[in-house]
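There's a structure below that I have some questions on.
Residue numbering begins at 1 within each chain, and the chains themselves are lettered A, B and C in the order written.
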Amino acid sequence: MIWEAFKLSLLVVGVATIIVAALGLSAAFILAKRNFPGKELLDAALTLPLVLPPTVTGYYLIVLLGRRGLVGSYLYELTGWTLTFTWQGAAVAAIVLAFPLMVKASRAAIESVNPQYEIASYTLGKSELETFFRITLPLARRGILAGLILSFARALGEFGATLMLAGNIPGRTQTMPLAIYEAVTAGEERQAQALALLLTIVSIVAVYATNKLSRSTIAG
Amino acid sequence: MSIFLVVLLAGCRASAPTNNHTTRANGEIVVSAAVSLRAAFQDIGNLYETRIGTKIKFNFGASGVIQRQIEGGAPVDLFASAGAKQMDELAARELVDKETRRDFARNALVLIVPVNAARQINSFAGIANSQIQKLAVGNPKTVPAGQYAEQLLTNMKLLPALQSRLIFGEDVRQVLDYVARGEVDAGIVYATDASAAKDRVRVIDTARGDLHDPILYPLAVIKDSRYKEDAKRFSELVLGPEGQSILQKHGFLSASTR
Amino acid sequence: MLSVVIKKRLGDERREAFNLDVSFTVGDGTTILFGHSGSGKTTTLRAIAGVFTPDAGRIVFGGEVYFDAEARINIPVQRRRVGFVFQDYALFPHLTAEQNIAYGMKAEGKREKRERALEMLALFGIEHTRRRLPVEMSGGEQQRAALARALASDPSIVLLDEPLSAVDSSTRERLLEEIKSAQRRSEIPFLYVTHNRAEAERIGRRIIIFSEGRVVEEKELND
């Protein structure tokens, strides 16, 4: 049970973190560098999963992506496949919950880069995109990395929304937090302890790394 | 409505075991009961409050979760479980007053499908060969309804064929919700749950009572309770004619019927 | 030849708004934009660079229209081929001196870029800083690297925004001379913003004097 849950967590969190990194950075770039009507409203909407109880987010996910959901029903009609009770569903729950952390941290890091550097890059003939990758990102990397680690930790510990969208199916969707829950409620003390210890160690390492990164000041 | 319940229950599940640490009014008793007893017990609770005068605070959840809470020291006065296993384990740990333990109701297992699903099967036996891809049952590790369902499927020799199609719910109401939403093709729940959700699920078949352990609901007063007299009064109300008639109104069977 | 006509209103209606309204032309050699802080000289420089957009006016350089409010032309910074030297150097903190200088080069190959960067480093006497990060360089070294970086991108004009104000006075003399010879070597116009009279007279061929958002005087200086 422990190793199945561990492997499943690795898969789900691995996939989720990669997607969160890509989507989060893109969203952070758009929010930091572009102005458009309704921008702050969009930012608030993207931040929602951070403040809503995870079960409420899970509810919206089911309503949207369940087999008879607003979007899920089309998916089911087209492919006969549905997100619920699959590890992909667990990954989606993790992504939705971890995404706001990545966006917030990355946006702050990007906005804290001295605009002089970006202007210097433009005067040297580089486009906005090239400047973003060659100047802004490297200078913002500490904050972005902190955001990534926090997202990873959040995805690893995701329970409420995962339970609602993906269910608690050993070997298929039972990630470590769900396995702990089952072990506790089934009275399997040893399993619960082992899983809790595993998760705690990973979380401590994540927090330590985040603190170390954010303590060093960004140059310039 | 069921959605709301699932959300509420999920919120309860996620909270700490000692969620009844709030202040207690004089003589207010805390009754923890299995989810399937919610509607019936709330009716009996209203009767109790008007009749006896003291308040009741209910805590509904999966029997396994409540058992852990009581083991963890949660201030509960009376426990009503959906299965003997949880009560037996508490008794073995000397956490309940054994003389107060009584079976007060019985339930049956039914097979349900979403209310507007196309008719595919007629009975439990028909599941294996049908197009049913996902069958929801309670988690056998922690949910009594899941344990009974597992026994039923084993005795009908259906378990090997269906094992890979099983979807576990964390309590019986979640199983009901999965079926009502159409997330699964069918589910096994108590007759009482199905009747409470008549407009959202349809009963296809009722299991033969001898194919699984009798689904007897025991209740008992918690040994450490400080309001034993009031808890006993509630127990008597449940076991008496008025309580029994309320239970039967909600679809339960009498505990003593054979 | 650079011709500049800029109008911009800064601030809101209620307070005393700052009105920028300038018009001048710039020829070869080093031209000084002189004035106290807040006189509009840095804003003008930024408008020429393309970092700042005026409300009205026209900026034409070498026959190419950089900006024309009426015709709605506004060439982005990247395409204006201006080299910019900032007051605080703005060298990229995560790149070495060599990498900074090579950053804007339009040469193709890595080897070519490295060779040219080494040339520039030697020209400004800072070969020893080649592999250093800006934080490991002195103020004077950084300013030289910043000038080298601007020139390495093959600009048509170099804009300098009070380049010596962050440098200590003993290095200032030498740097002034180096800027002067760099301009002569490159044969492109330098536009130099300063509020320091001595600097202006040392280095400038022509001086344009700003005051409260307007050009109040233009004159030739002895070279």
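In this section, contacts are C-beta pairs under 8 Å (C-beta built on N, C-alpha and C of every residue); 3 or more make two chains touch, one makes a residue touch a chain.
The model shown is predicted, which means the values in this text are computed figures rather than measured ones.
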From subunit A, the most remote chain by mean C-alpha position: C
Chain nearest the overall C-alpha centroid of the shown protein atoms: A
Chain centre separation in whole Å, for subunit C relative to subunit A (CA means): 44
Distance between chain centroids, defined by C-alpha means - subunit B, subunit C (Å): 79
Between subunit B and subunit A, distance of the C-alpha-averaged centres to the nearest whole Å: 36
Complex contacts: residues of subunit C adjacent to subunit A: 49-51, 76-84, 86, 88, 90, 92-94, 103-104, 106, 135, 149-150, 153
Contact footprint of subunit B on subunit A as seen in their complex: 53-56, 58-59, 62, 66-68, 82, 84-85, 159-160, 163-164, 167-170, 181-182, 184-187
Subunit A-touching residues of subunit B, taken from the complex the two chains share: 3, 6-7, 10-11, 13-14, 62, 64-65, 67-68, 89, 134, 139, 141-142, 167-170, 181-183
Contact set on subunit A toward subunit C in their complex: 114, 116-117, 119-127, 134-135, 138-139, 219-220
